Amino acid sequence: MRVQNEYVLKLIEKGERIDGRALDEYRLVQVEKGVIQNAEGSARVKIGNTEVLAGVKLAVEQPFPDKPEEGLLIVNAEFSPIASPLFETGPPSEEAIELARVVDRGIRESKAIQMEKLCIEPGEKAWAVFIDIHIINHAGNLLDASALAALAALLDARFPGWDGQKVDYTVRGDKLPIQHKPIAVSFTKVGNTFLLDPNLEEESVMEGKLIITSKEDGNICAIQKTGPLVLRLEEIDDLLGKAGKYAEKLRRMV
Amino acid sequence: MLKRADGRKPEELRPITIRAGVIEQANGSALVQMGKTTAVAAVYGPKSMYPRHLRLPDRAVLETIYAMVPFSTKERVRPGPSRRSIELCKVIRQALEPVIFLEEFPKAQIDVYIDILQADAGTRTAAINAASVALADAGVPMRDLVSAVAVGKIDGEYVLDLTSEEEDLTACDLPVAVIPRKEQVTLMQLDGDVSPEDVKKLVRLALKGCQTIYQKQREALKRRWIDEGAK
Amino acid sequence: MRVQNEYVLKLIEKGERIDGRALDEYRLVQVEKGVIQNAEGSARVKIGNTEVLAGVKLAVEQPFPDKPEEGLLIVNAEFSPIASPLFETGPPSEEAIELARVVDRGIRESKAIQMEKLCIEPGEKAWAVFIDIHIINHAGNLLDASALAALAALLDARFPGWDGQKVDYTVRGDKLPIQHKPIAVSFTKVGNTFLLDPNLEEESVMEGKLIITSKEDGNICAIQKTGPLVLRLEEIDDLLGKAGKYAEKLRRMV
Amino acid sequence: MLKRADGRKPEELRPITIRAGVIEQANGSALVQMGKTTAVAAVYGPKSMYPRHLRLPDRAVLETIYAMVPFSTKERVRPGPSRRSIELCKVIRQALEPVIFLEEFPKAQIDVYIDILQADAGTRTAAINAASVALADAGVPMRDLVSAVAVGKIDGEYVLDLTSEEEDLTACDLPVAVIPRKEQVTLMQLDGDVSPEDVKKLVRLALKGCQTIYQKQREALKRRWIDEGAK
Amino acid sequence: MRVQNEYVLKLIEKGERIDGRALDEYRLVQVEKGVIQNAEGSARVKIGNTEVLAGVKLAVEQPFPDKPEEGLLIVNAEFSPIASPLFETGPPSEEAIELARVVDRGIRESKAIQMEKLCIEPGEKAWAVFIDIHIINHAGNLLDASALAALAALLDARFPGWDGQKVDYTVRGDKLPIQHKPIAVSFTKVGNTFLLDPNLEEESVMEGKLIITSKEDGNICAIQKTGPLVLRLEEIDDLLGKAGKYAEKLRRMV
Amino acid sequence: MLKRADGRKPEELRPITIRAGVIEQANGSALVQMGKTTAVAAVYGPKSMYPRHLRLPDRAVLETIYAMVPFSTKERVRPGPSRRSIELCKVIRQALEPVIFLEEFPKAQIDVYIDILQADAGTRTAAINAASVALADAGVPMRDLVSAVAVGKIDGEYVLDLTSEEEDLTACDLPVAVIPRKEQVTLMQLDGDVSPEDVKKLVRLALKGCQTIYQKQREALKRRWIDEGAK
């Protein structure tokens, strides 16, 4: 393990990677929508061997008292133990909670969903959008894959029926009012180098990541520094400048 | 003859797809689709058991975790174990245990995780079919595979492999798992109101269905081994 | 322990049992109803030294959305640590949950309770029937004792008062609408032999059980195979044929 | 003189029944009925304590678990510990500890489980009475038994052994446990609004009641030993 | 530690204490109200180095069915791990629950709050008074400090606004209807001696405590014996006689 | 120029008070008030880590627990961890780790507990400021302190140290923690909708604010050491 780690580190110092990619090159990204019939929207995202499923379910609930004229958004992630020997059964881990909350912030802060169009009866009834992220195989870079899957599932989603009393899940109505496409790009620091889309070996030697979620107009809607990483101002400037470009490439996939 | 909503004959299985080796991180894995029901299973182990005081001196401990993904059903499922899923973990484990040579791995544990990605009845039987292929894919030594299917009785006729629509019509829901070569039953549950004679005939129908599933399981493993060999 | 186990096994091979019973003979079965005054219905069942208490409580709740014109049934079992050195404090074990669910299915599937007669106001209010099973002493065969106690407690139960607003537990009104008497019989496999009503020693060497719950008309309403048991078709046929006969004997006790 | 709803005199106990040895699986056990309140206690131990790091080098750890059975009250009790039951476990444990020679069993634990089968006030005192007999039945060495009863003040009169109806009328609810031979108090709680003089008199009334209960406890143990001897 | 303990014990046998106090002498008691702006009422109590914060929050809830014309009182204590190496994270310990319940009983049984004045609409809406006790530093005698802080916070509390629909926490209205001042005094037994306001060293060698909560008129509204202490009748008589006097001293502080 | 509700200039911090050594029982502690936000931090350790299997052979484990006191906000906070507080524990820990010489204490653990007594925005940054002083007060060897503040953009202007009123107006909320002497960022999060250029400028504004806070932290530690020396 240790020998392997040093090899990975040395390669990266030279600007190379164990799987031959360029530092800013993603593995093969595949997005498939509509994969789960019982979900109102769903998507499978594969980035290399990493595989993530996102499902959107809708229900009618009472709006939050401070936002009586808006729908509700709930993002949840489960790191299923099927996906990795590192994952355990039980309540969501610190990592799963952080991932879900970063994905949530990207969608919420970009106003990707027109939340006011989810209101049915102000203060009484509104659509609640549940986005569940389910990891199928963990081969690195879960965050970028999860955020992409969540967005793709939202774009796939359609309203079920509603007769004023109960939801009819056999109906597949209009699309959800999605107006923006936030995309998360994780810049991963290994040694003194930043790279994109780390695999598991690279994550095992990384210092941490700066995750930047941006919109079509290049504006930034969420940032999260994760791991015991430190960042110099010039590094931050550099990554902020690049995030939009890489996001745009991923955005074309959904 | 009974007309089934999806056009099947009473003794006909739903379209079934089985793939082995679908999760790269796992020691063994499998995906099973029976109609609209989708189960994915992953095996981790055999490996040393922790905490140590739970180790068995003469055999491995088999752990099975069955879980429904929140978006697998029409009404969203809340994450976390329910009373139903706790019972299913137990009966699934006890359906698999009889075929595994657990005594070959004293002090070890073998974890089988099963996620239901989409549910349209028969999730426990799909789970068993997937788990059994995943165990074989992991190279865990086994007497045979285990194959499973649910049967019922609608309008007086015995029907194989119920959908959830049919679950609302059937006089009973009888999931069965068998060791196909020995024709031994390793899971048997029943909900309903039927005569003992009905049950006898239904178990035989289930066994017949299981033999077909068994072939599909073996084919999936063969494809996997050929693919591997080709690499 | 091991010596004791081999002795038990050898006896059973010869068709004998350590307490001198025939293979299909129950220990002394005693059923006593009305043992708990604060319960709407209650029963104590003793089978040999095994002792189980079941209590029925009624409350008014909202019906399930998919069954707006029916009452609710909730069966719960607690393996109290008073009853055995094998039981621990904490949430119900896997065994306790399985037991409660098998008892529940017997009652539910046999339509023992006329659930539609528990409805007070469709979609709004209905009686919820809580059956709680409490183990007092565990000397083997908890399932048969628990199912019998649950049925006896249901037969003992009477509605409390209801004025449209709240329940008056001081009133003891009509009996519950019980129309069937489902009885569970556990066939226990030890070696190649099936026996009834195992004691603790026999349970410690068993392969498992096939539990068959049947009604007065001989129909079967619940089956559960429990333990790492395997069953041949002829064995299943044989047990299915016998279940009704043994159930009838127990049914006469309630 | 106060007329009590059940016809008792103010200083009269409810009918009391005590039986030792009611749970065959336990090392010691007892059932106590005080009016409509029924408590059953079981003792497991002394036995080696696990996990090891909780062991005490010079004495046994006493564990007491008090629980109300769901159907023991008019409104069904939800299973699992409540804030009330957690407090009661503590005060019951501390009412019993002073009489047990815990120092005779270093590194051991003694578990006392108490289930309230039926509740009509005075459940903690019935629990203590049952636990104390169960400990003696288990052969745990003790300085003396512990006896307990609740007292109150209704219409200016001191009353012994409150029912739940009387709990709504009393100016205070004062459960007391004592070591009868030494007249030492091991449990004392009070809810209410009464003068210090009232409390002094009430404690003495409780002590008097406990002496009667003590006789019943001893008789139950005597019957149990005679029965055992007769076997 | 053991040597230290014996020294503490010997001193107390002689009627002396390691910090030079008389047996019935409290450390310096300081009460400061209005210390938390977001609470409807708050108080910090210091007794020597022991420091406790109590906060009162009000919300509108449904009254309990058996008391439809009264408000609700909820007392909760958290032994924050900031306060002592003895405290751990997680749900409240047995000790924290006992403390909260003894404080609760003192307030409830003395009728310190006129609960019927908290009712807004009988059976429908009433003020719920949440008293949260937060330990900042644990240097002994948490109970007396906590009960005092809870009372001081109640006396400091004012109603927020209520427009019939929701609570307006920016408004600071009338004082709560507080009519009594229950004060808890813990008599701590060390060897054969009872002392007041134990410090940590004294608590580490004590047998236990008799906690007596009394009102202005000398009446007793709550008692709790805590710890494996035994009490003789004369001891109880003696402490009952003294509780009111010491309570009065503390009462003057709030 | 923007008029802030509390009269501050855009680039002005709220009144800040820092006191070290506020909890006698802790190895180190600190209280930080930034406007109406109050955080108190306590450090216990370095100490041997339990359970043993979580020990790291080459460094200490840092544990940070962030909790809001129930009465710290307008709506009462329910006690116990929330998803928000679990995330904050993680980012706070990772903001502090880079400055602590954890490798000096193999197999040990260092616990940092932070309670928010009063919340008016900026609780995570106040928590970091308090924790960092508490660690220094405990004598834990550190490369430098960590200083933190949140910045935002209101009506086109960059503003330092947001209140909760301002959080409702800002185009983004950007909490930042830095190692002041090296000008390295150890915490950075953002909610909002702003241009990359905005973020660059805001980080610089935060850094400037942190330098002022850093002076206050050092003064607090100096006062503490002088006080100690005087004893």
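Going in written order, the chains are labelled A, B, C, D, E and F, and every chain counts its residues from 1.
Here is the rule we use: a residue touches a chain if its C-beta (ideal position, glycine included) is under 8 Å from a C-beta of that chain, and two chains touch if they have at least 3 such contacts.
Values in this document were obtained by computation on a predicted structure and should not be read as measured data.
Steps from subunit A to subunit E, taking the shortest chain of touch contacts, total 2. Counting hops only between chains that touch, subunit C reaches subunit E in a minimum of 2.
For the pair subunit D and subunit E, the distance between C-alpha centroids works out to 27 Å.
Look at where the CA atoms of subunit E average out and do the same for subunit F: the two points lie 32 Å apart.
Separating the CA-averaged centres of subunit C and subunit F is a span of 58 Å. For the pair subunit D and subunit F, the distance between C-alpha centroids works out to 51 Å. Tracing the ring of inter-chain contacts outward from subunit E, first into subunit F, gives the chain sequence E, F, A, B, C, D.
Of all residues in subunit C, only 36-39, 42, 49, 51, 53, 55-57, 59, 76, 78, 80-85, 89, 91-92, 130, 132, 134, 136-139, 169 touch subunit D in the complex they form. Residue ranges of subunit D in contact with subunit C, taken from their complex: 23-26, 29, 36, 40-42, 44, 65, 67, 69-76, 79-80, 111, 113-115, 117-120.
Of all the residues in subunit A, the ones that touch subunit F in their complex are 94, 97-98, 100-101, 105, 108-111, 208, 210, 215, 218-233, 236-237, 240-241, 243-244. The touching residues of subunit B, when paired with subunit C in their complex, are 83-84, 86-87, 89-91, 94, 97-98, 174, 179, 182-196, 199-200, 203-204, 207.
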